[in-house]
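Report on one structure; see the data block that follows.
Chain nomenclature is as follows: A, B and C, assigned in order of appearance, with residue numbering initiated at 1 for each chain independently.
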């Protein structure tokens, strides 16, 4: 049970760090940046669930992030416009509010759509794809194609989506000034708490029977069929949950950062999220969060110094992680911990060291 | 003889023009232990694949307790009460022995209850664990098991599924002598209260544990009967020993 | 009606380029279980080869560049296979992510070497004209690309079916272990397949200079569609790749014509998903008895 205790202690101390220390120690604009990283961490958590636990490499999480973000953005734009047309529509010569926008004037509908739309689209795609046993690399390629198509659609429908610029210039976020320091702090706390709640929920899911089933589907989908389960159902549910998380992340991102645009959602940003999860450690949910925060922090820090350097660094880091530490930072930590424990000899090593932590599950070839 | 649990009639399977099964009839009664033998390529595994939904037949019927199986999906067939093992055992290495068994036992649970964590070990799982004798490894990941132990875990998962019909595909392949003996005992005890079909190559194993045997040859049933009769049958001897004429079989 | 007919050569030439790109992907995927995201950057390398040769070969740069780009892109692919990818055989998802890292580095390298803005390669004067057939415009450049693809496919097909090395390649694709114990040096076959596939991407890059400008992210525009060709055509299938590439090229150009460009990709995506409902493993499948 010491593992459990250690888990609780770790969770408590990280919560303390995020909810108390960071707000006290950081200036408002840094806190706002951290809130942005936490948004990415929420999306990364979903990838950790779908990819790390379920073996579904989703390269299109940007789509669901975007759907959540645009739903929120549309509400904020309509609210700002106060019955008139949103500013960008006027600029692109739209005369009547498009029917698609209508329902988003209602905050309840908009916030509901943040979750419902990504979940619905992921479920539809999941049913169509997983039922036909399209999987592995094929699934990855399809999600990537979806991300590419989604961005082209957003850019092309200027009057409906704001085109390349996306939705931006929000003046009123639920009755508050988005530029005000108090709003930024408030949004930071909301984001942090949402992340915490979703993390605990995802952790519960992983530990449940469903979670064990999910791992079994990852490691031997065809075998699972002969245990009387339909892997397509298990995968579709998990994929939908991860899409919902990405939607929530996108919705929080909009008030925190003040913009949602196609350049945040395409093939490359979607891949960057996956990279962050891989660097942090795909087989642990905490690794996904850690990776997203660390990689996005590094990106900001580096881009301020030398923009091109970040691409080299990210590429090189990724090649190194994939070749030397495929289990990411968490894997390295676990290995080091086990090695240390063995050296100290405080835990007699169980004969043929099982160490599920260092065993790479076999990838199922498509 | 008790009523038929499995009835196969005129079953044909064609792979890209190759007839793997050419009109097989087979009836297995409830409570029976049936061995299925035959040289390589006889269609033994194909037959099991058809019963469990992995392979689609070109024609013919497979009825299980009155329900037609052909065309049904694999997991649906499992839910009707048919379980199988594979030649190369597949257990979930990342999960513990108990978790593997619990997974096998759990498919009848409604989906929402799967969201709860497992607390303790259910009776079904405990019984299966006891039967296969892996109690001392219950909480170890299945990845650390030896080849023989994995085969037993698979059989244990099959028991935990509580199927009405068990299909074992070469359960003693690659096992040591001791392991074979233990598997044989395990099989005998399972057969007491289950209907079992075993595909097996090993003639010695067959002589010791089989009663009813069906011999397949080139996609057709060659002979059916008890072990002694089948062994004495000249056609069986020709298929197994006089291979000079039919090397390709 | 005339403008509708004009879409045919556009669709066919896009399909031809996609085919040249997808051939390498489908062979490396089918034979080695490798998904190479850096393949797009081999296209870019081919295109920049034509750009670099312009100073020396002038108007004939495109022609001179074809063999040179094949060798350069092929060599890049070979180096990538030797240094990184060969440790990842049979792990498509890991190679996908690994090679994406490589792709990032190569793109940034191109940005630093050639600058971020797009550059232009001038087509040879004998490719600038067009002929009219039944009221449709057939630009020579598009016809040239189509001819190039046909030549490559015929070459590959002869190579795979007639040559010893090609037969070895098919053997490894169908059953690696069996090929290895039958005395095929699978490692060498893999290297050559990788070289060949990457080289074709280089050729595709040269062809693309006839269609549009060249930039560091040229490859990323085509790689996703090329992967869709692999998905729809079936793993390691020459015939499947040809049909899927041309179908995708035509579908793209016609939906762009009928709707607008931004909807075209979504429609193509939906069409692929619909197609997979009937043929989940693509048009043609290598059969195997193994349970994954």
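Everything below uses one rule, namely that a residue touches a chain if its C-beta (ideal position, glycine included) is under 8 Å from a C-beta of that chain, and two chains touch if they have at least 3 such contacts.
Owing to the predicted nature of the structure, the values given are computational and were not obtained by experimental measurement.
Student: Kindly work out which chain lies most centrally, taking the average of its C-alpha atoms as its position.
Tutor: Chain nearest the centroid of all protein C-alpha atoms: A.
Student: Skim through the chains and flag the pair connected by the most C-beta pairs in contact.
Tutor: Per-pair contact counts point to A-C as the maximum.
Student: For chain A and chain B, what's the span in angstrom between their mean Cα positions?
Tutor: Chain A and chain B have C-alpha centres separated by 43 Å.
Student: Give, as an integer number of Å, the spacing between the C-alpha centres of chain C and chain A.
Tutor: 32
Student: In whole angstrom, what separates the CA-based centres of chain B and chain C?
Tutor: About 46 Å, centre to centre.
Student: Would you give the residues of chain C that are in contact with at least 2 other chains, written as numbers and ranges?
Tutor: Residues 291 of chain C touch two or more partner chains.
Student: In chain A, which residues are in touch with two or more of the other chains?
Tutor: Residues 220, 223.
Student: Quick check on chain B: which residues sit in contact with 2+ other chains?
Tutor: In chain B, the residues touching two or more other chains are 86, 90.
Student: In the complex formed with chain A, which residues of chain C make contact?
Tutor: 29, 33, 35, 84, 87-88, 90-94, 96-98, 100-105, 107-108, 111-112, 220, 224-225, 227-228, 230-231, 235, 260-266, 268-269, 272-273, 276-277, 280, 291-292
Student: Give the list of chain A residues in touch with chain C in this complex.
Tutor: 57, 125, 128-129, 132-134, 136-138, 140-142, 144-146, 148-150, 152-157, 220-223, 267-268, 271, 274-275, 278, 308, 311-312, 314-319, 322-323, 326, 363-366
Student: Looking at the complex, which residues from chain A come into contact with chain B?
Tutor: 204-205, 207-210, 212-213, 215-216, 219-220, 223, 225-230, 233, 350, 352, 354, 356, 359, 361
Student: Which of the residues in chain B come into contact with chain A in the complex?
Tutor: For this pair, the touching residues of chain B are 52, 73-75, 78-79, 83-84, 86, 90, 92-95, 99, 102-104, 106-109, 111, 113-118, 140-141, 143-144, 157, 161.
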